[in-house]
Amino acid sequence: MKKIAVFRKEHFNAAHRLHNATLSDAKNAELFGKCNNPNYHGHNYELIVKLTGEVNPETGYVYDTKELSKLLKENILERFDHKNLNLDVPEFKSINPTAENIVLVIYDILRAQIDTRYELNLRLYETERNFVEYPA
Amino acid sequence: MKKIAVFRKEHFNAAHRLHNATLSDAKNAELFGKCNNPNYHGHNYELIVKLTGEVNPETGYVYDTKELSKLLKENILERFDHKNLNLDVPEFKSINPTAENIVLVIYDILRAQIDTRYELNLRLYETERNFVEYPA
Amino acid sequence: MKKIAVFRKEHFNAAHRLHNATLSDAKNAELFGKCNNPNYHGHNYELIVKLTGEVNPETGYVYDTKELSKLLKENILERFDHKNLNLDVPEFKSINPTAENIVLVIYDILRAQIDTRYELNLRLYETERNFVEYPA
Amino acid sequence: MKKIAVFRKEHFNAAHRLHNATLSDAKNAELFGKCNNPNYHGHNYELIVKLTGEVNPETGYVYDTKELSKLLKENILERFDHKNLNLDVPEFKSINPTAENIVLVIYDILRAQIDTRYELNLRLYETERNFVEYPA
Amino acid sequence: MKKIAVFRKEHFNAAHRLHNATLSDAKNAELFGKCNNPNYHGHNYELIVKLTGEVNPETGYVYDTKELSKLLKENILERFDHKNLNLDVPEFKSINPTAENIVLVIYDILRAQIDTRYELNLRLYETERNFVEYPA
Amino acid sequence: MKKIAVFRKEHFNAAHRLHNATLSDAKNAELFGKCNNPNYHGHNYELIVKLTGEVNPETGYVYDTKELSKLLKENILERFDHKNLNLDVPEFKSINPTAENIVLVIYDILRAQIDTRYELNLRLYETERNFVEYPA
């Protein structure tokens, strides 16, 4: 069967601080530099969700991007947009909100919401020049 | 042998309507929403063609992008640019012109024109936020 | 008083045909080329609205962009998005929907909705390479 | 004399919260919505600095963009990048860090650093869709 | 009469070297740094041409962008694209090809080709972060 | 183990000429057209480096992008930025600096600098419309 990938891009604006509470302040400063600012800084995150599957012959869609956008608004943007990732998102109470860890958290949320007949891959831009993909 | 991918981006502006003639008007409205407007709407489509192969030692090219651009103009842009996909492109008389189906039609046209020693992959942007890839 | 300009970008996807019904088919073909296709073609239009005024000391806003976005959705996107400009938008029954004429129509709609203490300027992208501004 | 404008784009990543301490919490929530989150959110700000002046015949430059970039790093990025605007930037202790107020603060800093024979104008992007200019 | 601005974006790829032959090598190195490399470096230049005028009621155009694009190809791209500005473009035999001087040379070429009822303004991008406008 | 890809984008501005010294001038003109200009032309190259590996639980990073950016500045930008690829970069004395060959040269330099537990992939943009990836 022919497999096609469908992509939907969404964005959210959030504050975060990179910090590992099990390490000393000096070690945190060394590892994370200005990203360790205790007062936080922030980003316009761009999230690209990729679903791979077969075309539904009735609709011509692999997955309706209007439905995908709605699912992302309810499950990701409601939780992440205009939030402080460290303080407002429970998953980051004990996990450092690097782009790598954010994409893993988003993946777990979405994988539970999307039928397993679709392969799921994510790209997350922290800035135009720094971004991550999972699964790689 | 070392495999390199070469990409060329082109664009075309087209009108379309999402509609499945075997379904009721109510079902079409439910499935396709405002994309079902009987008077059509349109997009600036962006097509990225990826050819994967080995470098020709004489030229240093996998595939000359000037030649690839010419091939795309003659085979794709001539047929799709400034057209109504539903009315002007024979392939969509009986196929719903979703991004998924458009990329499948373009793939068949290009695959017949490009030597099989090159792997062919396509990405098609319908908007900046909605796009597809084939083969995935 | 200090004048600041606030900008909000929105987009809509529409079909159109360039045609002047008072001219012959041959003259229309000469003037508008492939944009004269009787079956229409389409674009992803990007609209940038610029409001110039003074900062409200209570809010720190010249104009709340959330409110501006809502006003644009109700007054412009509802009328233009996923439409055929020639057939679905009454203003273009007798006016050729060039980018120039579209921006003039949008200006008249918005000027009537926005307090005159704000100067209003519009930029409309038909493609990434072709766009217009009014008032210039 | 011929006047040319030279532009330099820089970016900084910062957290902020929109809040007017002289108003009630209910009024702040009404005015600023999710931007009023007490834990802050953040943005990738893009700053475009425009200097207008005459070409120096010796260099062919209106203003050396390498020098301009250095000046912006020392005077703006050092103070704003990877900061919490409300907590780390003294100017916003008593001013609400809307895009409008940020651009006014940056203008005052830069105007004091740049020779008055250059006209100075700023554009600040908070997101790709919301931005401001001063002087308008 | 209502004035509208029409914009057309084109690009050209060129090599250049910043150098003032009337100055010492040491002074050139000081003024232009790595841009003074005697073997040249290069850019993907983006040129945005803005014409301001009245709408022609017959066409709905201020200026046909197809015609403008053709005029730019013949007068600018033919002379600048895939060229060494210092060696291949006569105007830069004695003028340092900074972005400022390039935009002045392009302006003189275009002003002679475009009816004076249109106001002409140019923006030239040397990189995404460095650009100029004339007249300012 | 979970594999994540981390990306970092950098850019450099360089001049080059496409030419195969073992072929006649006529053959070179035929193969490379205006890219064969003996006086060179140039580009704003964009390089995207992708490293795939596992998250370090201490940092939450696969690879610190600040370190990656530093490594790219020292190993690639120092050698390629504001250079003439044919004259200033020893690797291209005998290799034609097509995008394909540039990406192969960059790959060899970086592969020797980056621990083999990271998979390395590169994308190189010569223009917005022409780009390559290696390994494909």
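Assorted remarks:
Order as written gives the chain letters A, B, C, D, E and F; numbering starts at 1 within each chain.
The working rule: a contact is a pair of C-beta atoms (placed from the backbone, for glycine too) under 8 Å apart; a residue touches a chain by one contact, two chains touch by 3 or more.
Bear in mind the structure is a predicted one, so any value in this text is a computation, not a measurement.
Minimum number of contact steps separating subunit C from subunit E: 1. Where subunit E touches subunit F, over half of the residue numbers in use are shared by the two copies, so each contributes mostly the same positions. Overlaying subunit A onto subunit E using CA atoms gives a rotation of 180 degrees, to the nearest 5. Look at the CA centroids: the one farthest from the centroid of subunit C belongs to F. If you average the Cα atoms of subunit A and of subunit B, the two centres end up 28 Å apart.
Separating the CA-averaged centres of subunit A and subunit C is a span of 34 Å.
Across the assembly, subunit B contributes 128 as residues in contact with two or more other chains.
Listed by chain label, the pairs that touch are A-B, A-D, A-F, B-C, B-F, C-D, C-E, D-E, E-F.
Listing the residues of subunit C that touch subunit D in their complex gives 2-10, 50, 52, 55, 58-62, 64-66, 69, 119. Interface residues of subunit C facing subunit E in the complex, by the touch rule stated above, are 18, 20, 23, 31-33, 95-101, 103-104, 128-136. On subunit E, the positions that touch subunit F within their shared complex are 11, 13-16, 34-35, 37, 39-44, 81-84, 87-88, 127-128.
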